[in-house]
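Two complexes come next, and they have one chain in common, subunit A, joined by subunit B in the first and subunit C in the second.
This part shows the complex of A and B:
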């Protein structure tokens, strides 16, 4: 390391990291929140992340967010019930959320689950319950292999070209807990996809395996160095490497080891793989991988399927949609009532066997604990009990026989979690926001629910536009993936009628597909209560100005910034926003008495506030 | 249009500072209140590295949708003496403004 100065985080990691953190965590849990020395909070909270625990923000001291990593988003039969039970019993805080109630689970953009208001003292019991049911929080956060993402219907999809699920599962089993890969310079996000839709979002991962064909053999092309954070979004770059499924472990491990050895540990902001790829170029990464980290000859890339990608591809409804090509949907059955949708897996779709999967929309990924339990029961009654999570924060019930479809679709729970949501509901993604996150500067989830509700009731999409993604992120960390949405919203602040109010920067025209592009940011600091009006006006202006058949993304691509900026006309409407008041400064944005000093935190194990010494 | 250059999150020092971007007039003259000047919001951040920091960084970025300029931000590198000098001067001027404002308010 020579003269380099490691960061605080690197120093803490060198003292205690990885597996051994658990012993300390259990000891603190036993002795209670107050046993963590004040001057060691930062170090321990950083380490706890490796075990999936994030300390919540100021005003909520002693409460943690807990992330459960579910590889490829697969919840095996019975596991959603466990999540619902844990949420119901342990994820209850001192205040309720007006949209979602007192206990709920969040499904994330990495097909994981987040619970809030978890107390340190409850962690051992929660771990016991999760682990005895095959679930874990290990490496859900921290500088290591994160939850592996992919097509949420891998192994089920009637149209997939490679079953990527065994590959993702093998990578998960191999690298979770592997000490050689448990302390990397920064997080390591992996996507493995075998479907035709491109829904694995490989382009925004550190490592992406995407389906490809080489000399009649099916496997994956390898891309590296994608990611959205730090105002420096990058698309993963092709490594010109093809791997067959049984080589995926060796090449993925080789790349993770390369990142471990050559990634920047001096500057966390420069540590992600994308910056190493910037510095070296894909070719040097390939050469180094070949020379130092794999012991067989790497093959050149195969023929990819990117030109067939339909997921978030910005091409409009005509392209893609493989449903109609296969018999099960083409015969006028139930699946035919849910045309399209295979890109994001919402609706009813045929599996490779004779069964169907049903994708349900979960607004901003949040589901009440009672609803989790009910859905788990429905999945058991109508399907195999398996439930899967998508990168659009939604759920899929798999293995439903055709004979059960009508009855399942008639279940009252599906009124709230629809298989045929409006495009605005379906296209919504929101990060955690000021409710719990210490980085965010605006409220996000409840606001996005209100946006979608208002847009659904007041705005029609122009002809031929059936998909419209609106992603809301509370800060530049980009957890809601704002740069790859049709409308990108990101937290800011402005002044309105003399008051400081929450506002959003607006970007347009981002998305993935064969030729992904990041949003053009065209408006800054639009007061949050004027954003729905801005979107309404934008869509009306787009409908009027578009050329024949132009998709929204094409429309944005074909126009200059000034023109686009003029199409956004912020305006107050019948939409009302109860969260304009700088929620970052509250202890909880929805509390009746929301001043920072009104919060009960920190609380001791008996739920009473910890007395302060002074 | 490119994104903001400075990160903005809850740790940012000021996410809504008032900024005037000074511009020279087309005729080459300028002044305190050039017609070309642009008032906008901007981001101001003060930071130093997390471990063994060797400088203080003062960063300023005006909202570029308002300035009409390509997105850019300024980063001023300060050693501790300079940072303290700047802080002292900010405090001194703050005192003057506060005193004057309170006087005015009291009238």
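This part shows the complex of A and C:
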């Protein structure tokens, strides 16, 4: 038996972590990038994550990704304008992105915001600007409570069954900055859902509160141990616990404390809650929670609403579904022209008051800084100024009176961020990719934009198929949530004509809903330029082979992997892919001179590249 | 001389002396990983690191794109630590890492026994 050794990360965390990192961060920022001792880079960059700063990949040293956590995706009036201003002023790098320009913000699958090319020296000013407007980067990354996700129209939805937004907000306020929960073995992802559609995506979170009824009382059933990363996807498992909204804090804190005490700090690969639930089983987690971490009797689970879930359920807008847009069709108004809000919140939908919310498609979640500023202005002009972010990387403008809808929908900005996009555009999700990320194996965002553009122009969905999700993740970390898409794409490499090229594994048939399932990976290492052709052929083969009324997900479920693999026929088409080369070995994939040695990083505080000393 | 070796960021890269040395996403030619005479191996993640003399080694996880075999490798050499007189901004001497050409481990790498450990370790292997 070997000795149990704490990891380096745990050692660093035991020395300085949580709130106290900020003083050091500010000192380094004041004195400049070069003031971080060379032999402490790994430690400090690990710690900076707790404050939302993630050092960009090789070739981009001294630049940081900055993540802003927006609980439940809610950007209060004025906050999107602040994000746009910060992006415009501080998120400008040494090269432009050919699709998105020089400054932009990314909306993530956890309803957060990411900015890139942030300089350490600018952090104090950026923090001042964000925090004076109620925004924070605290705990956006690192080993603690991450941004809490939920139904993006919580509190606005006409059919919400539990008032979830105050619960999510209270958890955020309680556990952001709480020293007892600031140093966990690993990240802690929480979802709070109060709607009937299941769009909080609780199944893929460490802790999920999902709507349930018990003896006439509404509250939440508790699930734990979901997650997608590292080729080890898990669905959250029921704890057989029901909580009323006012107990959510105690039970959530108890579970976080249980994870703090019993999670694996010796092996970060094994540290996530999903592995503890694997090891113990849900019953032992429940018993330990009861015995050690809560001081009241836990109630057994109530009756959940999972059989009503429609969000990403693979069924399309089924008759009788409890659509967020329920009632829209009946009133014959403008909302009736935007079906499908039950699966992605895109389009025009009625709120619980007399107003409407308008979901806009943001391709791969990336919006130019100028567009952020313009959208903030439109939200202010036509709605309350509030904007919300969805887990499908899109935005929602809330509180639009019916009388303002036509004028809002006629705004030119909505030509680019459409309330009625093609299924391929609204179904697209992509992670950060090799543009900035150390983990990714391939370029993602620009490629996914090009995929969607080509598919929109060249491929029709078979009859009756109205939603079709294609998620592109650059690696197994699964930030684009590929396992819960109709077509899952994951970055790989292969050789084509002897040359190493970027490639994608293809999975099929994943999704959430009452019976969530992860995609079956049926094709390996398809050269990226043959993927649109593969999807075109797959859809044609599906249209031909499907049984009457069979949804795509049912079609996949009903066939074995071998059969499915034969339906994917990769081939070159008119689609062209400018990112086939090894983008990971460039300093920036879109730079004219893209060799690693051509990049300017690291950049010193006085704007000149730091002289290399070895 | 000490040269901390760490695998960081979910196995995305090998840090040598607090600098990024080798990252995921490359294709390596390996012997002994699978039935292929020479595997064409996509590096998807690093699971550990150590040193054998001055040779820096890693264990990687990935897939041979010729035969589809996937899994962890044995210890693979990826570079050498070399003393330096180059002044650094911090106190103390530290090793300089010379990466092997194209990161590709030498032919025959991967044939070491799976249970064999590197002779010495500086710093600790690290998983994130």
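Observations on the model:
Basically, the second predicted complex is superposed on the first by the 599 of 614 C-alpha atoms of A that agree within 3 Å, B and C clash if a C-alpha of one lies under 4 Å from a C-alpha of the other, contacts with A are read in each partner's own complex, and residues count from 1 in each chain.
As a convention for this text, contacts are C-beta pairs under 8 Å (C-beta built on N, C-alpha and C of every residue); 3 or more make two chains touch, one makes a residue touch a chain.
Everything numeric here is computed off the predicted structure, so don't read it as measured data.
Annotation: superposed three-chain arrangement on subunit A; subunit B versus subunit C shows a clash. Residue contacts after overlaying the shared chain place A:565 against subunit B, while subunit C stays out of touching range. In the overlay built on the shared chain, the residue A:174 is in contact with neither subunit B nor subunit C. By the document's definition of touching, of the two partners only subunit B reaches A:520; subunit C does not. Of the two partner chains placed by superposition, only subunit C is touched by A:40; subunit B is not. Contact with neither subunit B nor subunit C is seen for A:573 once the two complexes are overlaid on the shared chain. Taking the listed stretches 23-31, 77-85 or 95-103 of subunit B in turn, the superposition on chain A shows a clash with subunit C for 77-85 alone. In the superposition on chain A, the residues of subunit A touched by subunit B in one structure and by subunit C in the other are 5, 7-9, 57, 230, 267-268, 434, 438-441, 475-477, 491-495, 500, 524-525, 584.
Considering their complex, residues 5-11, 57, 230-231, 233, 267-268, 434, 438-441, 475-477, 483, 491-495, 500, 505, 507, 520-525, 561, 565, 584 of subunit A touch subunit B.
If you check the complex, the residues on subunit C that touch subunit A are 4, 6, 8-13, 15, 17-20, 23-27, 40, 42, 44-45, 47, 63, 65, 68, 84, 86-90, 92, 94, 96, 123-124, 126-128.
By the touch criterion stated above, subunit A contacts subunit C in their complex at residues 5, 7-9, 34, 37-42, 46, 57-58, 61, 229-230, 267-269, 434, 438-442, 475-477, 491-495, 500, 524-525, 582, 584-585, 613-614.
Residue ranges of subunit B in contact with subunit A, taken from their complex: 1-12, 15-16, 41, 49-52, 63-66.
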